[in-house]
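Chain lettering (A, B, C and D) follows the sequence in which the chains are written, and residue indices restart at 1 in each chain.
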């Protein structure tokens, strides 16, 4: 099983030079640590910044400069600040090319549920519904199963959904899967030491397996 | 140039009334109108509808207005980190309307810009879409969303001039510019108030036309929710 | 009959302290010359400026600073620059309190026609349709009659209209008239030397005359 | 930081194709992309749809593209001061769609912001309303208007950096920011191009995300249509 950092590391391989990217809270935030230095990408923070830099040193901490997870941040060279309306104009208008976010459930037709568990406290969807309804490409970082072993890759979501037919790829702790436009999880890679059979048994939704499924490679 | 300066927060908020609709700029605790919130807390009003991306924390920001039971309804996108909020919500004392963050930003922008309704893809197929018109444009589905306006909008800027022009700093800008435009009465508090003519007209984020009252704020705490530093 | 400058001078009396005002091209532009110095008002230019100042001196001329009539201008202290979208957000959102513009025809229910003469060259409506659909108060500066003596204050407009039920007041070369919400031109003042009878004969739309109609006073 | 610099206007516009939809920033002749227009004039393309508030004058700006018969359709709010334009329009060689200026600005803004349609009061009861959905909100009538997008958007800024961030000057800003966001490929020309990091992030008018190519412009004429000076 992959660690959270390994999930982030694997997702980082999907990043392409020149992309504008929105990273959600949690594992997605870790992806920034694994983007190769030779790629020029720009991270968007939906509270109004293009060009998120590293976390600040103690003396750089500025309460007027935070990310969407309310963490203190810095800005890279060439960054730009703007309002929330402009920020979501960017997102909704399809200018942010890649969105990486967490999920509680994904269905085989690409629906995602990640904002609400009925009966439990509701915190709100924040920017997630806008992001999933708008981004060109959406990659989900998630655990393949719940704590009691139930698959989270489903035929259809059981939780209130965040967006429909929007997820393009999933990197779970067990596998990398593409969500096909016609429906179905196409298995692309296995986590080291995880068999295709195990993935099959832990995927409730339609799993598509074609040919040999390689193990993920964390070499480079 | 029209002078919109008032003495302080107390004078600025004095005519806010019970059951009014209020907007508050800020994202988390960043860029919130701290002085105006303090002044409102000293008033004997309630039944307020508060439009704000977040609801503060238990002991700071709008959270303090919740503690004082001044708020009837919150319209927000994310309301975590607030135990009293949770208690009031579960007990039915507080109404809550949760809105996708981009839809919230755009509905407020629409309120200021005289756009009564617009279509957006956020929330299609989700419970947010319930009761809303769904329409297809160029092979994609969208929801019709309405504008939001307020009786009073409270915004916080970095610099401002006596004509009401505002400049924000960093990500403390967030919802402030749209809310400034969507308030019938917009009250701006600034860290530095200067005479009209001292700010570069080319760098104004909120033109003074949107601001009815402005005052020099004081004692900013600027609390940080998630202080995160490099190792 | 009033001169263009006198029409502008009379309209200037309608201006109130603290107002944000949009002045159209032609006579409305002249209104700025007659606004009393003790009133603080701010002039909006729909191409992106709040705070139009006087025309520039030769050495102040800046091609990057023009008004909606494409004339070179200056900025007053405390002005602000913005985009066309923000400018019309202001107008549409009702933040510009007073709009003064010219008209070819006005009807007794407040419709205005000022953008197109069929068969002649069409130049376009520019910002006029947005302004008349949005402003809290609209004052029209116009000639009471066409060159061949036909009334331009009509039962209904004959030219393609710019906006419906929007004109609040007319200052023509013959009279000051209020357009009543229920319809009709209520005569408020006569131009010096012009009789009520003359105004009656030159007003095709419903004219409402109550009591004595005073002459305009240009004294102060 | 992503570097979007191209050598010059020729390189920037080289893939513009016949029958493309183009947007041009500018109000009158102020803030128009002079260099890009010159480079387009040297190309063998036609059938263009041009979205621009105005159509230039006979011998400057988009007027020159009309002279060369490159334009099939103009979408504008005001097209006076142009005899060749008038000739082509009356002879039926040129299609023209006239749009209220605020509606044009908002339709372009909507194109960049992913809003496929919105309601606006401008044009209700006029010929602009023909064929459009009319709807009442809060006792006032509004028209439904659609977004506008372009294959290429040409904008002109005062300063820009290699990441595509732009700062405009004076009223030369006008339609440029919205058009920058509404172009599939947005080409920015600037009076002064600086390395990323030299512009204050808080003063950027157009964030670089909207700009695909940027170049240092040259030989700006900045023609004035109505030179007016104080007596």
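To be clear about the criterion, a contact is a pair of C-beta atoms (placed from the backbone, for glycine too) under 8 Å apart; a residue touches a chain by one contact, two chains touch by 3 or more.
Keep in mind that what you see is a predicted model, and the values were worked out from it rather than measured.
Chemist: Could you tell me which chains make contact with chain A and chain D both?
Modeler: Touching chain A as well as chain D, we find B.
Chemist: What are the chains that chain A and chain C both touch?
Modeler: Chains in contact with chain A as well as chain C: B, D.
Chemist: Compute the centre of every chain as the mean of its C-alpha atoms, then state which one is farthest from the centre of chain C.
Modeler: Looking at centroid distances, A is the chain farthest away.
Chemist: Would you kindly tell me how far, in whole Å, the mean C-alpha position of chain D lies from that of chain C?
Modeler: Centre-to-centre distance between chain C and chain D: 29 Å.
Chemist: With chain centres taken as the means of their Cα atoms, state the distance from chain B to chain D in Å.
Modeler: 33
Chemist: Once you find the CA centre of chain B and the CA centre of chain C, what distance in Å lies between them?
Modeler: So the centre of chain B lies 36 Å away from the centre of chain C.
Chemist: Hunt down the residues of chain D that sit against at least two other chains at once, touch-wise.
Modeler: Within chain D, residues 106, 109, 113-115, 120-121, 169-170, 202 contact more than one other chain.
Chemist: Identify all positions of chain C at which a residue touches two or more other chains, and write them in rising order.
Modeler: Residues 49, 81-82, 88-89, 91-92, 134.
Chemist: Write out all the pairs of touching chains, ordered by chain label.
Modeler: Touching chain pairs, listed by label, are A-B, A-D, B-C, B-D, C-D.
Chemist: Once bound in the complex, which stretches of chain D touch chain A?
Modeler: 1-3, 109, 111-115, 161-163, 165, 181, 196-197, 199, 201-202, 204, 207-210
Chemist: Considering only the defined contacts, which chain A positions touch chain D in the complex?
Modeler: Touching chain D from chain A are residues 18, 20, 40-42, 44, 49-51, 75-82, 86, 88-96, 134.
Chemist: Write out the stretch or stretches of chain D touching chain B in their complex.
Modeler: The touching residues are 106, 110, 113-121, 135, 137-138, 140, 142, 146, 167-170, 202-203.
Chemist: Please give the residue numbers of chain B that touch chain A in the complex, ascending.
Modeler: These residues of chain B touch chain A: 27-31, 53, 76-80, 86, 89-90, 96, 98, 100-106, 108-109, 120-128, 158, 169-178, 205, 222-230.
Chemist: Can you list the chain C residues touching chain D in their complex?
Modeler: For chain C paired with chain D, touching residues are 45-49, 54-58, 61-67, 69-73, 81-85, 87-89, 91-92, 111, 121-130, 133-134, 160-164.
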